[in-house]
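Each structure below appears as structure tokens.
Two complexes, one shared chain (chain A), two partners (chain B, chain C).
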Partner chain A sequence: MPTLTIDDQQVTVDQGTTILEAAKKLGIAIPHFCYHPRLTKVDACRMCLVEVKDAPKLVTSCSNAVRDNMVVFTGTPKVEEARKSILEFILINHPLDCPICDKAGECTLQDYYFRYSSQPSRFKDNKVEKHKVVDLGAKMVLDSERCVVCGRCVRFCREVVGEENLGIFNRGDHSEIGTYPGKKIEHNYQGNLVDVCPVGALTAKDFRFKCRSWLLCKADTICPGCSNGCNAVVHFTLRSFNGIKGQRVFRLTPRENNDVNKIWLCDVGRWGYSFVDSIDRLTTPALKKGEDFVKGDWDTALRETASGLKTVVERYGPSAVGVIPSPHLTNEDLYALKCLFSCVLKVANIDFKLPGLDKGEGDKLLLKADRHPNTRGAELLGLSGTGLSAEAMMEKVKTGEIRALYLAGSDPVKYIGEKAEEALSRAELLIFQGTNFSASCKLAHVILPGATFVEKEGTFTNYQGRLQKINKALEPLGEALADWEIFTRLGKRLGAYPSYRCAEEVFKDMAREVAPFNGLSYQKIGPQGIKIADSSQ
Partner chain B sequence: MAVAFSEKTKERFKAILAKYPEKGAALLPAMWLAQKEFSVITPEVEEYVAKLLGVPLVRVHEVLTFYTMYAAKPLGKYHLQLCTNISCTLLGAEDILEHLKDKLQIGAGETTPDKKFTLSTVECLGYCGTAPVLQVNDDFHENLTTKKVDELLAKLK
Partner chain C sequence: MKIVGHNLTTKESFYFFEIAKGLWITSRHFIYNMYFHIAHLLGKYPEVPAAVTIQYPEEKIPLSRRWRGRHRINARPDGSPRCVACMLCETVCPVQCIHIVAGEHPDPAIEKYPVSFEIDVTRCCWCGMCEEACPVDALYMDTGKNPEPGFSREDLLYRKEQLVKEMPLPGCQRSLNAPGQGPMEANPLGL
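Up next, the complex of A and B:
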């Protein structure tokens, strides 16, 4: 393994490592545009030039591999001068519209300019005019004048998605990114183009002009869009800006995890967050009165729920109760649910497997057909196969053998349709606990508002059996509560139930009681998750 | 009508392919053949070449828009390509360009209504020693002056 010196520090790296990557190991950031750790190296922008002892000229650090005993300098006057010149060239035709550019604040061109150039333009002629607001695809927009022609977007489509649909047309300072005339980008990974673009040339339609990047807070999370469990960062705010009332979550961006999503997110997941602040969020407990729902408080709603369940169990036995949890819930939520129904109430009819749950449309890259983040977790917690199947429960509700049905985030009407609708409307007691209004919720007698994935702490187990953690970024909307907390409050009213104060306490119990979780703690899970089981078949 | 090479061109195409380790590498000569055969590289021709070589359509379009030698629009009978690179400009290419525009009543990149002349500005043609230079179809005309241009145009029927 070669050992080299970069700015007077020694580092040993694998054969074939580039100077830029070796420097990164030492915490030395070399500016670059065309280089991207997950794309081929093309040596196009020259921003990454460094000085190598005894080399006749500056070399591009992104593409030149290190050699043993190499001596590299990344900040000599010669290097500084080169950077300044490159930036001056790039900025000749740049519109400099940072004040209205969505990338401002996280744009490397802006950062490098202030860091390495900071000089007024010497260019006196007219700038080359190019296409603005080019509708490249359903999810993003191109501003050619801002483009530095690094080609990362072109390579992303070709190398990662495997569709060669972007190209660089024309020549020299007239070069422009584009699709073949009349065609659009249609793949499910358009958001990543916005991420790989180092400048504001590609911006997301969903985010354009909505919020300045520096006003957003960030928290690590897991995309709840499917069972892949892509690592993500949620960008949110506690206030609302620009008259976008009530919007707290503004976007999801990928977080690197080589074992799960590399450094990408699919569009389905990235833009699936809108339910968090949407108009149909359930924000207060509610009770059905005649045809309508009336707002209630937690005390009343929980009292109704507890006494209803108790009555059914006492009169007809636990087999008259059915529970359908959703694999959207965290392991903590599901474990708390299991404690309540199977330990306290002795209910065996618990099944999360609604038919068709895993029949979405997946793709080859990340997106899975199962659009639930915690199906594997629900399996590992044994929330299926202990009693009647979810489908069979519908039948029994219809015949009156099941009198009380508890829907924890699940929406049987969505998956089973009319048959479920008929069954649910016949239930003697139908409890719906969840985040948003739905066809099943509509038929409920009691509505208990739950927290979304950004409003609670917990863990998901992805399809590979990898346990990963989500964090509470925001308070639950209105009076909503984390699902584990709802079960804890209910448990208190129904018998001997642990008084959990936080998700971590639930996790601790689960880590003691459920085999695959044995010995684990939030600390052990870490930011990259931990594999606790095999993938499901 | 679907575009396709004539039998003779197909032969030439085969001979060209044989020179390259992979098909896609023959993109430039294949487009050149196409241009000779169809005189203009329309979207249909782009698609034909892309299929022939198994390369993505955008790559054909990249090449088409990169080089001035390929014609995406129909050219006139005489394609006047005036070099406006440094040497020619220093020796008066700008005047020649204005003169040509005046005479032909068209701008650079345009074709006269009678389809006789297309005027283009191009980068270095490699004739700096005898600048300014104008390429008319495959012939070069050197050491140009506005007077020589007039004589030349008079000869092009």
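Up next, the complex of A and C:
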């Protein structure tokens, strides 16, 4: 393993490591545009030049491998001069778009200019004008003038997605990125183009002009889009009037995790956050009066639910109650549900496996056919197979053998269709707990509003059996509550139930009681998650 | 902390002399001002000033060119606002009273424009930072107007449709382009 010196610090790295990566290990940042840790190296931008002792010229640090006893300098006047010249060269034709550029605030070029150049323009001629606001398909917009022709987007499509979508056309200062004539980009990974583009040339239609990057707060989370459990960062605002009124969550960006999503995120998940602030969010508890719903408070709704469940259990026994939870809920929510129904009420009919739950459309890269983030967690918690299956429950609801049905975030009508609709409308007591209005919610007698993934703390177990943590970024909308809290409040009215005050307390209990979670704590899960079980099936 | 005490002299402690002295000063100013006000009415001694107060609202102090009055948004020749909805004023505003919703302009050369632009003057503290932050020739506080009272909060929410119609106070214009016109010959401030 070669040992080299970078700026008077010694470091030993693997054979074949590049100078840039070795410097990164020492915490020395070398500026670069075209280099990306997960794409091939092309040394196109010349921004990463460094001085190597005894080398006749400056060398590109992104593509030159280290040698034993190499002596590298990253901050000599010669290197600084080179960086300044490269930036001046790039900025000759760069438009003064920062005020209206979505990338401003997180733009590599902007940052490098202030850090390494800060010199006024000396260019007196007219700038080369290129195409602005070029439509690249349903999701992306290109601004050729802002492009620094690093080629990362071209390589991303070719190497990661495996499609030839983009190319560099023309030469010299007329070089432009573009799609092939008559073609648009259609794949499911376009959002990553915004992340790989070091400047504001590629912008997402979903985020375009909605908010400025510096007005957004960030919290680590897990994408709730499918059972892959990609690590993500949610960008949200606490100011009620930034951007579009009523919108709090603005985007999801990927977080690096080599074992799960590398550094990518698919578009289904990335742009699937809109339900959080959508108009159909359930924000207050509601009770059905005749044909309509009337707003209620938590007290009334929980009293109604508790007394309804109690009556059914007392009169007809626990087998007259059915529970269908959703694998959208966190482990904590599901554990609290299990405590309530199987320990307190002794209900055996709990099954989350609605038919067709895992019949979405997946792909080879990240997206899984099962569009639920916690299916594996629900399996590990034993929320299936203890009593009747979800489908059988529907039949029994229809025949009247099951009188009370509790839907915790699940929507049987969506998966089973008309049959479920007919069954649900015959139920004596139908309780719907969830975040958004749905076809099943319409038939409920009591509606309990739950919190979405950005509004509660908890854990998801992805398809690999990896336990990962989501964090609370925002307060639940309106009067909604985290699902474990609803079960806790309900539990108190139904019998001896632990009084949980936070999700972590639920997790501690779960870690004591449920085998795969034994000995775990939120600290042990860490930002990258921890594998607790094998993949499902 | 220093406490400055003042012990009354014997003369002051009688009060009577002090009251008489105060009355004398007041009457002297009263008679002087009245004499010259009447004289001015008769056209005499116009060069001698009477009372030092400004006779507002008949008379107004000339405003400084830097005076910060009500906001306005400079207009393009077609009457649309020059604002590009960069939200820098919204960002810098210390009381967060500017609310902008941006949209895609049909002209790619303009690209971004404010679909709605509101300044909540009930919260504005007239610091002028929004004017300084504006990177284009759009937001100015050179109208020379004070905020007017309103009957509802709605009246005090200045929107882009209204802001773009405001004009700068003659002689105090701080924008490079006159509202609705192309570039001026010279910078109005002589900068």
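Just so we're on the same page, the second predicted complex is superposed on the first by the 533 of 537 C-alpha atoms of A that agree within 3 Å, B and C clash if a C-alpha of one lies under 4 Å from a C-alpha of the other, contacts with A are read in each partner's own complex, and residues count from 1 in each chain.
Definition applied: a residue touches a chain if its C-beta (ideal position, glycine included) is under 8 Å from a C-beta of that chain, and two chains touch if they have at least 3 such contacts.
Computed from a predicted model, the values in this text were never measured in an experiment.
Placing chain B and chain C on a common chain A by superposition gives a fit, with no clash between them. In the overlay built on the shared chain, the residue A:Pro181 is in contact with chain B alone; chain C does not reach it.
By the document's definition of touching, neither partner reaches A:Arg122: not chain B, not chain C.
Contacts of A:Ile100 after superposition on the shared chain: chain C is touched, whereas chain B is not.
When the two complexes are overlaid on their common chain A, residue A:Gly167 makes contact with chain B while staying clear of chain C.
Judged by the touch definition given at the top, the superposed model places A:Lys57 against neither chain B nor chain C. Legend: residue contacts after superposition of the two complexes on their common chain; A:Arg315 is shown touching neither chain B nor chain C. Note on chain A: of its two partners chain C and chain B, the one contacting more of its residues is C. The least CA distance from chain B to chain C in the superposed model is 25 Å. No residue of chain A lies at the contact with chain B in one complex and also at the contact with chain C in the other. Against chain A, in their complex, chain C makes its touches with residues 84-88, 90-91, 96, 99, 101-104, 108-109, 111-112, 135-136.
Taken together, the chain A residues at the contact with chain B in this complex read 164-171, 179-181. By the touch rule above, chain B contacts chain A in their complex via residues 43, 56-59, 61-62, 65-67.
Residue ranges on chain A touching chain C, taken from their complex, read 99-100, 132-133, 208-212, 214-215, 239, 241-245.
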